[in-house]
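As structure tokens, the structure follows; a few thoughts come after it.
Each chain gets a letter, A, B, C and D, in the order it is written, and its residues are counted from 1.
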Amino acid sequence: MGISAAVAGASGYAGGELLRLLLAHPGIEIGALTAGGNAGTRLAEHQPHLLPLADRVLAPTTADELAGHDLVFLALPHGASAAIAAQLPADTVVIDCGADHRLVSAQAWEEFYGGEHAGSWAYGLPELPRADGARQRENLRGARRIAVPGCYPTASSLALAPGFAAGLLEPDDVVVVAASGTSGAGRAAKVNMLGSEVMGSMSPYGVGGVHRHTPEIEQNLGLAGNQPVRVSFTPTLAPMSRGILATCTARLKPGVTAGEVREAWQNTYRDETFVHVLPEGRWPRTADTLGANTALIQVAVDERVGRVIAVSAIDNLAKGTAGGAVQSANLALDLPEVLGLPLVGVAP
Amino acid sequence: MGISAAVAGASGYAGGELLRLLLAHPGIEIGALTAGGNAGTRLAEHQPHLLPLADRVLAPTTADELAGHDLVFLALPHGASAAIAAQLPADTVVIDCGADHRLVSAQAWEEFYGGEHAGSWAYGLPELPRADGARQRENLRGARRIAVPGCYPTASSLALAPGFAAGLLEPDDVVVVAASGTSGAGRAAKVNMLGSEVMGSMSPYGVGGVHRHTPEIEQNLGLAGNQPVRVSFTPTLAPMSRGILATCTARLKPGVTAGEVREAWQNTYRDETFVHVLPEGRWPRTADTLGANTALIQVAVDERVGRVIAVSAIDNLAKGTAGGAVQSANLALDLPEVLGLPLVGVAP
Amino acid sequence: MGISAAVAGASGYAGGELLRLLLAHPGIEIGALTAGGNAGTRLAEHQPHLLPLADRVLAPTTADELAGHDLVFLALPHGASAAIAAQLPADTVVIDCGADHRLVSAQAWEEFYGGEHAGSWAYGLPELPRADGARQRENLRGARRIAVPGCYPTASSLALAPGFAAGLLEPDDVVVVAASGTSGAGRAAKVNMLGSEVMGSMSPYGVGGVHRHTPEIEQNLGLAGNQPVRVSFTPTLAPMSRGILATCTARLKPGVTAGEVREAWQNTYRDETFVHVLPEGRWPRTADTLGANTALIQVAVDERVGRVIAVSAIDNLAKGTAGGAVQSANLALDLPEVLGLPLVGVAP
Amino acid sequence: MGISAAVAGASGYAGGELLRLLLAHPGIEIGALTAGGNAGTRLAEHQPHLLPLADRVLAPTTADELAGHDLVFLALPHGASAAIAAQLPADTVVIDCGADHRLVSAQAWEEFYGGEHAGSWAYGLPELPRADGARQRENLRGARRIAVPGCYPTASSLALAPGFAAGLLEPDDVVVVAASGTSGAGRAAKVNMLGSEVMGSMSPYGVGGVHRHTPEIEQNLGLAGNQPVRVSFTPTLAPMSRGILATCTARLKPGVTAGEVREAWQNTYRDETFVHVLPEGRWPRTADTLGANTALIQVAVDERVGRVIAVSAIDNLAKGTAGGAVQSANLALDLPEVLGLPLVGVAP
């Protein structure tokens, strides 16, 4: 019985969150756990919260260790997944939490990542509306290779896509400023990510359109509106472990009313389990998504400047990475899409 | 089908955590939600993370609203539960998250709380060892009135009880210094609990043996060792929302070895699902218990001073309040004790 | 000897920061301290860090108590300062930390604040460039009534004004998204500002152009560029006590180069003590301004979208309120502008 | 004119705080800045808050670079200072912020640090009372080699010394549990000190009497009471950058009253500028010491258990390291002891 899943990169933050979610998943059994430099050590040294797996010893990340599972999650440094995936059977469901297969455009890949484009996989953001009226989830049912979105693109795309899908927004002059918790930077030891450096402080990074999530946001919004979109994206680092708050703004097309905006956003997510447009007057807080696979969204029109402001909150490790990965795996495996995924954040 | 549960005090932190756990509990259905001053408002205004209950309107906290359920959780200000409970049928399982029925000694009640003692109920700390070799859970099976322990007593008692149960510790000169997250102070608006006041700061309060959890810790350790125990208890406030770290120290009886200490602690919790003695050399972090019903414990002997130092970490709202409440309810209702309770914290 | 200063609103955050700075000011003596509801209590109850003033008893905030000083700082709720100021001698230097006299436009006042416009005072942002080549400090020398800018306008205006003063930016499609520490919300006890609510969370508020600092930012940028400017401003709340990080973006005029942008920003602040344009590649962190009267600024051009992104970091209570107030007082009193003001933040 | 000071280890946290204080010191000029692995880089890369020194290039830490100054501060890894100091002229004032010369007992050194004892220097805790009625500051006037205390010993010794000096406390069964901000762990990149790991979490470390500050606390309290003292010391890590809160408890000698305790503590620090015993009922918060050279202390008697509980709050980098260093330097150089040292913390 059960589907077996291997997790590569089990000692990192994305790997840990995958395991936390899989431990609560009624249809998936946890198989091999692998790591790079941490191979040979026990999981408890890296993920002391994962009590049921404390004594599991990490194997090295090789295709041999990962083979023989129905499902393989790759939470590896960028650039490492294509080679591993090529060695896995074609009918294994491979879910890549890294960036390698997110971008369709080889040119955008080369501009922002450099090196050769590894090709694109089915994009794991099921709720994303497309201009043709379908959702991205259609591409995920039965897929065998899936690219999990970046955390910023998940937050930003869900926030603004309803407006593009409904044809209400101008495709240029989109501005996204997003704040992320520190876990988005991963578990590597760096001086600038020490607690002493980040607590009590906010700072930007990757300013000026150079952050690699920029073309991914543009790809998603372009898909939603069926036209090219240009985005000014600025990420900032916030003094919290988890959470992304994306403040996204775009110019309204002439004559669009606040009522049309509200209706478009509500209609887009009316039937979604994990993406919620909040009642008017309430704004999302990242804390309400902690540990949950949810995205909380609110939208307002600033009539003085003719702009829509859409704000979304997610947990970067949950809906922004591991939750999106498991949700996509459910679709690929013909399991109920919401199976095993938490809907309620841990607050306060 | 299913057991129906009402929650009184649903707009507070304990009430919110109860609801978060009950939403994930496969054997309990959520019935009436009541509040005091917040009666008449929607739950979403107070608990925006509880998406599935967002539109529930809070009823006033009266026996009428709470009656007709199999299970009633009371998360009320101290002093309010006895009167409500008296109006509920004797076969309703009433779980009081407040202090009213925790202390057996009327004298201790009067000294620390003042006013008349409302009598004691079965004490909801299932794993607590007793000198007779049994556990506290024996008193909870089938109980109809249960007092949930205070959060500090849960952390402190679990940390030191093994040593008293095994007769290894002197009953005087016990010192407990514990740090708590701010949610322990509840949801009332107070200047000294503002984010600006607590972030970046540690401070003590209730110093000098005046904190009301002191006699409760003494009661538990006395029960474990079958002799009176005196505790110097100092609580401190830490800049985090959740979590208690209790550093507990007691003098060793002459001749007790570190090996005996280790064995006593390990034996006490070997078969427990939620209470873990960590492998030697690893110390508990509160973050690893976030949202989980777990207590992580480590113990060391300081031979220079002849003391044992036992440290425990819990989530004050989960194992320290709502988790302990649900675990006790499971026992009272003859459900599996661990049913619906999370074992894995949300980290990092 | 020395100039005597009274502080009205001494028990709040702005009042406390004024006193912290004045205690270190070699040319000003602290006189009367007044409060509203806290009148009659000792300062130590509210500002335990101000050790040298611990035993000072707060007087009620009346013109009588404030009269007889050379300098009066008003850190009062909005709407209270005009009446008090009217009762003080015309040659007393009155520095209002509230909003009442910041806006020149009565229409903007009525739209955003409502009620009658109290008139505008000299605007206390000395470094703000104006289209005529002068700085705002010219208006402050010898002034007797000064309005201290809002904290967001200080951060945002300093960030973008160089581009408007140099004629490089389009006046529409300006977008500002700013994150503030919680002290910006003041010291009133509110549930949504409790530590438990704000720690580990980011959230927006005042979305859609309704925040009262919006017209003030527009006023400043309009003054810098001598043309009306429209701003989309979204404030967010960050889990830290102090600090504002303002991410400000505007469209470049056709043909403007990155070199021209860099030069404009550097030239604007080359001779300023407190406002620093960082070397290329380094981005401001709010922690580096903690307790200091500094603004740290960086700017980049995103050529893909034709926008400039300027980011500034300040301490909302220091440069954003009390530091700006003292700097303005120095100018009004013909003291050296930088006297007594800290240039070095407390980091890490 | 003025005294010239070199700082070795200028890129670390202690070095940065020394420079922050020295920049505000009217009698000391900053000379050479040196570093180990960071030699050759600009200070701004490591200490962006130290604007006036931004462009200073760090020299390698050698005796040659440090020679020729009146005053040399060593903020080096443990074990490095003795060799450097031996190469500096005997009349240079050398202030060691490391541990090498704190302990008088070679045996204690070998037990806790290992290796050869480098000998002890004058101990830089001026306010520490001694059993003979003098203060430690007597040893510092005119000293040429000074060992700055550890941050935990500063907090703990100041908290309990009054009771030992007055003969009120039993010398065994002293228990100290202290919480420290993360800057106490220094600026080295370690996974367990990442912001993601420490935010929202409390954890102990060095449990069981193994922390190297243990013998130093015992030395200080022994000096105060003129008899050996044994201490159980447990340090914990708190989610804040700066601050130590030390909760210190000891058994009272028979018959000692609360009044005698209060009097002893108040008398000890009555004339001290930086060490304050708070009024009854108020407890210290670390935030009130942020950036200041102060120690805030409160004491209570728990009559039920016959113990005194003394709590102190300091800034570990200020009074706990760099502030104590500068205060000691002032004494060594016959400057006013308080010169240039901040008395007011940056709160909130």
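Side notes on the structure shown:
Operating definition for what follows: a contact is a pair of C-beta atoms (placed from the backbone, for glycine too) under 8 Å apart; a residue touches a chain by one contact, two chains touch by 3 or more.
Quick caveat, the model's predicted, so the values are computed rather than measured.
In this assembly, the chain whose C-alpha centre lies farthest from chain A is D.
Here the CA centre of chain C is 36 Å from the CA centre of chain D. The distance from the centre of chain A to the centre of chain D, with each centre set as the mean of the Cα atoms, comes to 45 Å. In chain A, the residues that touch at least two other chains are 13, 183, 194, 196-197, 199-200, 239-242, 285, 287-288, 290, 348. If you sketch which chains touch which, every chain touches every other chain without exception. Within the complex formed with chain A, the chain C residues making contact are 172-173, 175, 177, 179, 194, 196-197, 199-205, 207-209, 214, 230-232, 234, 236, 238-243, 245, 247, 249, 251, 283-288, 290, 298, 300-305, 307, 309, 311, 313, 348. The residues of chain A lying in touch with chain B in their complex are 13, 16, 20, 23-24, 44, 47-52, 183, 199-200, 241-242, 276, 278-279, 282, 285, 287-292, 294, 296, 342-348.
Residues 13, 181-183, 185, 187-191, 193-200, 239-241 of chain C are the ones that touch chain B when the two sit in their complex.
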